[in-house]
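Shared between the two complexes below is chain A, which pairs with chain B and chain C, respectively.
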Partner chain A sequence: MKYVLMGLLASTLLMTGCASVQYGDATATETTTIDFGSTDLQITAEKMVDSLLSFPPIVQVTATRRPVMFVDTIKNKSMEHIDTESITDSISTKVLRSGKFRFVDMTKVAEVRKQLDYQANSGMVNENKAMQMGRQVGAEYMLYGNLSSIVKRAGSTKDVYYKFTMKLMHIESGVLEWQDEKEIRKVKKKSLFGG
Partner chain B sequence: MKQANTAFCLIALTCMLTACAATSIFMHYPAQAIKYRLAINNNNEQAVLSQLDKKRRVADKQLYLMERGRIASLSGRVDESIEDYKEVLEQIGVRQDKAIISASETGAQAASLFTNDNSIPYSASAYEQVFIHQYQALNYLRKGKLEAATIETRRANFVQSEANEKHHREIAKAQEKARKNQIDVSQDRYSGYFASMDAAVGKVKNSFQNAYTFYTSGLIYEMDNLPNDAYIDYKKALQIYPDNRHLQRDVLRLARSLGMREDLARYSKQFGMKAESVKRNMGSVVVLYEQGYVPMKEEIRLPVPTAHGLLTVAFPVYNNPWIKAAPLQVYNKTHEIGTTEVIVDVYALAAKALKEKATGMIVRYALRAAAKYEMQKKAGKQNALAGITAQLYNMVSENADRRSWVTLPGNAQTLRAAMKPGTHTLHFKAGQLQQGIDVTVRSNQITVVRVVNTGVRMIVENITL
Partner chain C sequence: MNIIGKGLKLGVFVFAAILVTACQSLSTIDSDVSKENASQDAKETTPVSVSKSDHFVVYDTSLNSKLFVNRTVMRPAGDLSQGMVEIQNRDFTSLKMEYRFAWYDVDDVEIEPDSRAWQPLVMPANGIKTLKTTAPRPTAKHFKVFVRED
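Coming up: the complex of A and B.
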């Protein structure tokens, strides 16, 4: 009887001990599953931005001025539903923070148009203080890319290979000014025993 | 004391029987599943959808959520369907990632030794998995998420190529186990019992390759402006199902526009037709026609050889005769546009899948029959009543595993036609059933309409926005 009680007590403790929330390091290596995760996102973004900003012709162009860039969506050609917009965001945040480029946000064009329209035509805004249509700066460069993957599974091993390619195009001339790729390979082996 | 023991045993067994009544262990799956079809047929899905909602935590959740996903999508609840399929796919992933020797799987397998295969948690067959990805792709397409749709079709392709490999490994494993336990699994011994499925089984090379899925995949690539990828998947579909004239035309059309000269010459000769010239600024309408329901499994008594001689087990089979599918006629206001042609025979896939698994099942059923026989004999030695109880239990618990995704269609067909841009009214006719829909055709774009014929009702939906 005593043992039963002790056992019960122990399991109660165990149960309450289980439910806990902790803050983790956002940049710590995450390998919960083999799927595309936060670590992959961070290393790709970092590697791409470093590569872009240290590329000699880009260094030259950005030495005296801050060209305007727009970021196109990254095409997801993998087998996973990955939020590629989040990768793009990470990259553009880093590039912007470097102070080398300026950005235009193409996802907000409709909203901006609506606002300008309101300022110009609603009659509510002081004409002298209204922002004028047709004065936006056109982007000089376009940043875009794609993410593809190859998945192989043999017996208890699963191997995932990601290739992330990014390109920077000079819009007027159509010339590719820069391109780089980042490869990630992850291997997962099944454990022999488990639940 | 002895009598008290027996009484206790009886009560325990009865409890078990009633407790399990809700699952498929003691009540065969088709008896539960028939109401899913009725719900679709009567356009009265809400009740079964909420019933199935409660099955998200049960052992057979994969099965119930596949049904739910299909029912939800057919009743226009696309978001729910997406969530359901997502959950099944997650479950399949979890199962695949389980340890090689998993406590829960081993437990279920052991439990099945004393009940039946229905106590092993349902895991979707490869052909069912392929359908999940395809239907998920169509769901995404309906939500206007083209990229998400391409991801699902890629996953469908992956499942198909992987299943091929896995299939050979599993057969080898089953044969090894049969040899170890000295169970005769030779084809001739059982062929007579499975004769009812032969016609259907003979229609396909394997259960996991699905021309309908590859066709949908090609279609989605074409919509995504990736004609090269589309061409590859159309060709794969053609390899699996060579007789669909619409598909043949697609392959020829793309072979020509992509400049695949050798292919073009070879296919033109093979099909006996030339690539049609594509008129500029025309749009295309594609009709995906899903007809009837895939048959449900039935139960036969199959004698299997065991250490105690021949014992009879309850074994699942498909008993439906194979029938040539009737086409759907498609009209616009004035004239007939054409008729659909078959691209996948789902009955054939299901029957083939059962046949592919038969070796492994026979081994498992034989071992179980032997274990149950031994239990019964031991109980009989203790006292007569226990013996009878055990026999009774064995009789009641001997149920074939008749689970499968039963809201899938019996076959699927396609039609593709070039149409002028603008709004068109399409009319569909199959037997007594008729239905119409207004579609918008845009130049150089594809408008996809899915027509589902349940036999009593026609569900028409515009997949493209």
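Coming up: the complex of A and C.
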């Protein structure tokens, strides 16, 4: 009984004693699993923004002014749970910081309306300094896209192909001004020993 | 009974030895990793060599002898700049590597250093690939592409 207890204690130590946590480089390539990861998100956002900002008609449009853009959610058509809002955020951050476009945030419409209502009707805000209703700028372009994947397995090999497509539409005319896609292929081979 | 007891005692000792050995080897791995990270950091601050172009920085000596820059181009796209580097693997085996673009302003300060990630790249034997980048802002004056082994 004594030896069994010692054995249990030793195995508990084995499982808990060797764990360690350390900070890593957020820009380093991450291949922990075959699933859509941080590197895929970063390279997708980088490719899309580089492509959009260097596309000649877009270069022409943004040469003298900063058009207003609205970013729609990216549709996840893959079988995997992927936070597409995070991809959208990375793309809109890079585009906004380039100084070429301005954005309207449709996720905050209710909060903005509440604040404008408070400024106009609460009696708490100086009328001369209150922001006025009906003066927002309408978006000229809509950025949207989708992410799809094809997963194949053969024996111990798993092949995942991701295709991220993004489009920019001129809202008034309905014309697609820009479109591009990023493809990513990842292959996982399961070894006989280990993972 | 005495033999069973001795056997059990021996088993516990062996297990404890494995436990200690396992932890030692893990800590060895950890220290190796930290050494590797330290050397990688050193590589990042002092590249092993700068290849034929000022735009192209290779961290690994072994890669430097296999990878060649065919041409580099920097051209305007409106008030932004666009960079392009055509590289060639002159080895008979494929190369697994990573690259990362960086853009610098007029004072040679990197613009938004954390915004560009290392990207995986597989270069087939004798293959040619073109890496492209667009400046994040109009203030970007020149770029570099860093390459290291995966």
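Assume the second predicted complex is superposed on the first by the 177 of 195 C-alpha atoms of A that agree within 3 Å, B and C clash if a C-alpha of one lies under 4 Å from a C-alpha of the other, contacts with A are read in each partner's own complex, and residues count from 1 in each chain.
Quick note on the criterion: contacts are C-beta pairs under 8 Å (C-beta built on N, C-alpha and C of every residue); 3 or more make two chains touch, one makes a residue touch a chain.
For clarity, every value in this text was computed on a predicted model and none was experimentally measured.
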**Prompt:** What's your read, chain B or chain C touching more residues of chain A?
**Reply:** C
**Asked** If you stack the two complexes on chain A, which partner ends up touching A:132: first (chain B), second (chain C), both, or neither?
**Response** neither
**Prompt:** Which partner does A:94 contact after superposing on A: first (chain B), second (chain C), both, neither?
**Reply:** second
**Request:** Please work out whether A:122 is in contact with chain B alone, chain C alone, both, or neither, and reply first, second, both or neither.
**Result:** neither
**Request:** Look at A:173 in the shared chain and tell me whether it touches chain B only, chain C only, both, or neither; answer first, second, both or neither.
**Result:** neither
**Message:** One more residue to check, A:32. First (chain B), second (chain C), both or neither?
**Reply:** neither
**Request:** Name the contact category of A:76: first (chain B only), second (chain C only), both, or neither.
**Result:** first
**Prompt:** Does the superposition put A:63 against chain B (first), chain C (second), both, or neither?
**Reply:** second
**Complete:** Contacts of chain A common to chain B and chain C in the A-superposed view none
**Prompt:** Quick one: in the complex, what on chain B touches chain A?
**Reply:** 97-104, 147-148, 150-151, 154-155, 158, 162
**Prompt:** Can you list the chain C residues touching chain A in their complex?
**Reply:** 8-9, 11-12, 15-16, 19, 22-23, 26-27, 30, 77-80, 82, 98, 100, 112, 114-120, 132-134, 136-138, 150
**Fill in**
Per the touch rule, the chain A residues reaching chain B in their complex are 33, 75-81, 151, 153, 156, 188, 190-195
**Item:** Residues of chain A touching chain C in the complex
**Value:** 3, 6-7, 10-11, 13-14, 17-18, 20, 26-29, 31, 38-39, 42-43, 46, 49-51, 53-54, 56, 59-60, 62-63, 94, 97-100
